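Please find the structures below.
Each of the next two complexes has chain A plus one more chain, namely chain B in the first and chain C in the second.
Up next is the complex of A and B:
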């Protein structure tokens, strides 16, 4: 830290560094002990990152083959080696005004795509893709600044449904004030698709507006507040609700599930990076839904929803975790 | 303390309110597309979001700042923190005080640039000219009654929509040409019985009288951001994703270090 900026902090900084080093040493001791205790026969104990292990996914788990998952976000890095040869151009479309390509200039969409369908063996590091054999449908609905409008998103949903998407992952949203209505448009879309026999499960990010460490829990945002869209909260590696994760503070915006969403490693344009947010929790649930759908392709969205909820491990209060953390069984 | 009415300033007729004596010249970039560069380039400021903008949003804006700064000289990069906000009487207005301090050894500790930005809401307000990109419809029209197709309502109520059917676009979306130069196109999602149209208030009221829902075409954004940890840490392979082993706090450009720990009474310190 620059002392010119904050000279009085030198002592505090030194103290903090000491605390940090002590914490790191403790973590290292715990980790080394855990590694020593791991059975030698475990073939790939470290082949999956912690988020996948938390979801009960290992190398023997289904891979999402034959399942189409749409990711509506900022696009995808088409040149990323982890997606080389895996993205069908017919499954990519931009809905952002004036932008023809789905190439991701932001990074968020590529990260979400990586969580849903990153490869079994990434170029570097452990596996992070929940459903590596799922077929990705990529709709760019948010600009490279990370924002977009309902009109573009609705259009993309229509397109994704026409492409045969069975699961739609939407790591997007906006804040909603308590006791205000959910988005009628998204609710109508989900209802219409269900009536048409289109099998689309919508998985959405609950929102990041909370500051729980300061005692502030924000309501689930839109469109996650819609009753027919599955709302996902974020937890960290220790299965604690994330500080930013929105909660069920009114009867309108209900939480359904939670998933890893803090310091999640996945693909970004040109490499890998860690990201946090309910955005990162959402594709974990979408990917997990793809695994269940591979196991039973005849599941309707409602049945798939129930399967996910039934598989959830209760982590605590409903308003923080929804029905809990879904685990592959 | 400098009071800046950003929309007024944005029209380019008023001079920059920021002092130029320190060589400080300003670019203001906001999520709604304002861009101002009065003189030279030293500061990059992002106009914050609506009342009680959470830290996560500020972090996202900080990323924007960082990206901008990387294009210029990192040593002249400006660090900022928001200190709470206050909702104005009008629901669509907000005021946020931002405190700026230049991250540069030659910038004296006591010198800081405090700015109060009084800006109209940029969020979800279709009639705010700053709220929308060009070519984005202002409203969504939703008919909850299947016997009342939204396209028929539009044809009967909105001048010009029925006149220029441009093409059958993606899937089951019908696109109509813009009703006037500069206006966005009209999209009708027939299966969903939803349309995205640019409307003025008179037209919106007419449509509401037709028993359809007329809602703003709301802005959505990503719900995630880059985590504080540098990418590809060895510790990740051991299951601990964000171990600060690389002396994060010592990194010159680490954006989340607490630069402004001092708080006003009753206010949390914003990192």
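Up next is the complex of A and C:
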């Protein structure tokens, strides 16, 4: 029996990958045509990309002015023209051993920073930054290989809070087996900051270990499984849960919200690129939180969390989408 | 091994100092550059591998005045899907 099943499964997987590649190629062709039609100086150059439209953001929306958002990741391309004159060196610090600068040699951190606070008018293409007037605080906690340690991340969280970060976006994590514990260190520092009167909302990536097309849904990873951290799943342009997006499959790793996370265009060192992952969904929610915080700067992190959840459009099962897609109202 | 130490907010200063002294006696060495974290009552540092289990046992059995907890460090990575590609 297995002799018959395995070749069929391999064929199915190969077919699914082929379909995925074809879809990604189609998206790229459409984006390329759009870029050719809309150079930076064209009248529609400020038009918002689909992820922003999906979140209810348009040119009249708040821009995140006066809100500090920390992105803890692989750093940022300090030379990128989209961030020229917008990054305060005092708001940048590396926590990676032996690495002094936050310069991003990977690209992931620059992409996440772009989603949070890319400019109203990027050098090329439509707008992708959710909160273009938010003040970025950049902690490099992952090496240029895309890896790091809790000990560095919790140090960075404490530093970011001391810098005045009101929202902390963390597109990082690791897989967690079902029914195993959440990461206590993150709960401890979240509790300490609250006790100290620091107002920080933590937004984290649920994880990418699922293969839903093959019937496998992986549990929300760590640190997203922590109760004090808002866990974000990824959806595509058609508001379908992403194939890789982790789900709420045990009572420990709950899922809170979902956001665009498939074929997301944003900044990378030297230009722009498309990336997919709950990594990309996370800064969309962090940026949206900044817009709500601009509207009401007195919101506590718990109130801001509730505002985001209340704004969410139900897209389907809690297991896949959490409370849904938050939108600006 | 690298560990993350949490000094309990419920414990008084004397208990916390006693717990820190016990950690240092077991070979715990604080890392540099953690002023903001230390101000919150958390520390990262190195602990000899062979000390972790005895230390956890001492904490679990009510030692160290309930003033401290110790968590081994863990690796994390970017949450980007392999679906991503360059353009």
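In the analysis below, the second predicted complex is superposed on the first by the 283 of 329 C-alpha atoms of A that agree within 3 Å, B and C clash if a C-alpha of one lies under 4 Å from a C-alpha of the other, contacts with A are read in each partner's own complex, and residues count from 1 in each chain.
Quick note on the criterion: a residue touches a chain if its C-beta (ideal position, glycine included) is under 8 Å from a C-beta of that chain, and two chains touch if they have at least 3 such contacts.
These figures come from a predicted structure and were not determined experimentally.
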{"item": "Fit or clash between chain C and chain B when superposed on chain A", "value": "clash"}
{"item": "Contacts of A:124 with chain B and chain C, given as first, second, both or neither", "value": "first"}
{"item": "When both partners are placed on the shared chain, which of chain B and chain C touches more of chain A", "value": "B"}
{"item": "Contacts of A:237 with chain B and chain C, given as first, second, both or neither", "value": "first"}
{"item": "First, second, both or neither for A:50, with chain B first and chain C second", "value": "first"}
{"item": "Partner chain in contact with A:214 - chain B first, chain C second, else both or neither", "value": "first"}
{"item": "Which of chain B and chain C A:106 touches, first, second, both or neither", "value": "both"}
{"item": "Which superposed partner A:158 touches (first chain B, second chain C, both, neither)", "value": "both"}
{"item": "Steric overlap of chain B with chain C in the superposed model, located at which of 224-232, 242-250 or 260-268", "value": "224-232"}
{"item": "Chain A residues contacted in one complex by chain B, in the other by chain C", "value": "20, 24, 31, 73-74, 106, 108, 142, 146-151, 153-155, 158-159, 161-162, 171-174, 183-185, 188-189, 192, 196, 205, 207-208, 221-223, 244, 262-263, 272-280, 282"}
{"item": "Contact footprint of chain B on chain A as seen in their complex", "value": "1-2, 4-7, 9, 13, 16-17, 20, 24, 27, 31, 35, 46, 49-50, 53, 73-74, 93, 97-98, 106-108, 111-112, 124-126, 142, 145-151, 153-155, 158-159, 161-162, 171-174, 183-185, 188-189, 192, 196, 205, 207-211, 214, 218, 221-223, 237, 244, 261-265, 268, 271-280, 282"}
{"item": "Touching residues (chain side chain A, partner chain C) in the complex", "value": "20, 24, 28, 31, 73-74, 106, 108, 142, 146-155, 158-159, 161-162, 171-174, 183-185, 188-189, 191-193, 195-196, 205-208, 221-223, 234, 242-244, 262-263, 272-280, 282"}
{"item": "In the complex with chain A, residue positions of chain C that touch it", "value": "2-4, 6, 9, 31, 33-34, 36-37, 39-42, 44, 69, 71, 73-87"}
{"item": "In the complex with chain A, residue positions of chain B that touch it", "value": "31, 54-56, 60, 64, 79, 101, 103-105, 107, 109, 123-124, 132-137, 140, 142, 144, 170-173, 184, 187, 189, 191-194, 196, 213, 215, 217-227, 229, 231-232, 236-245, 249-250, 252, 257-259, 261, 268"}
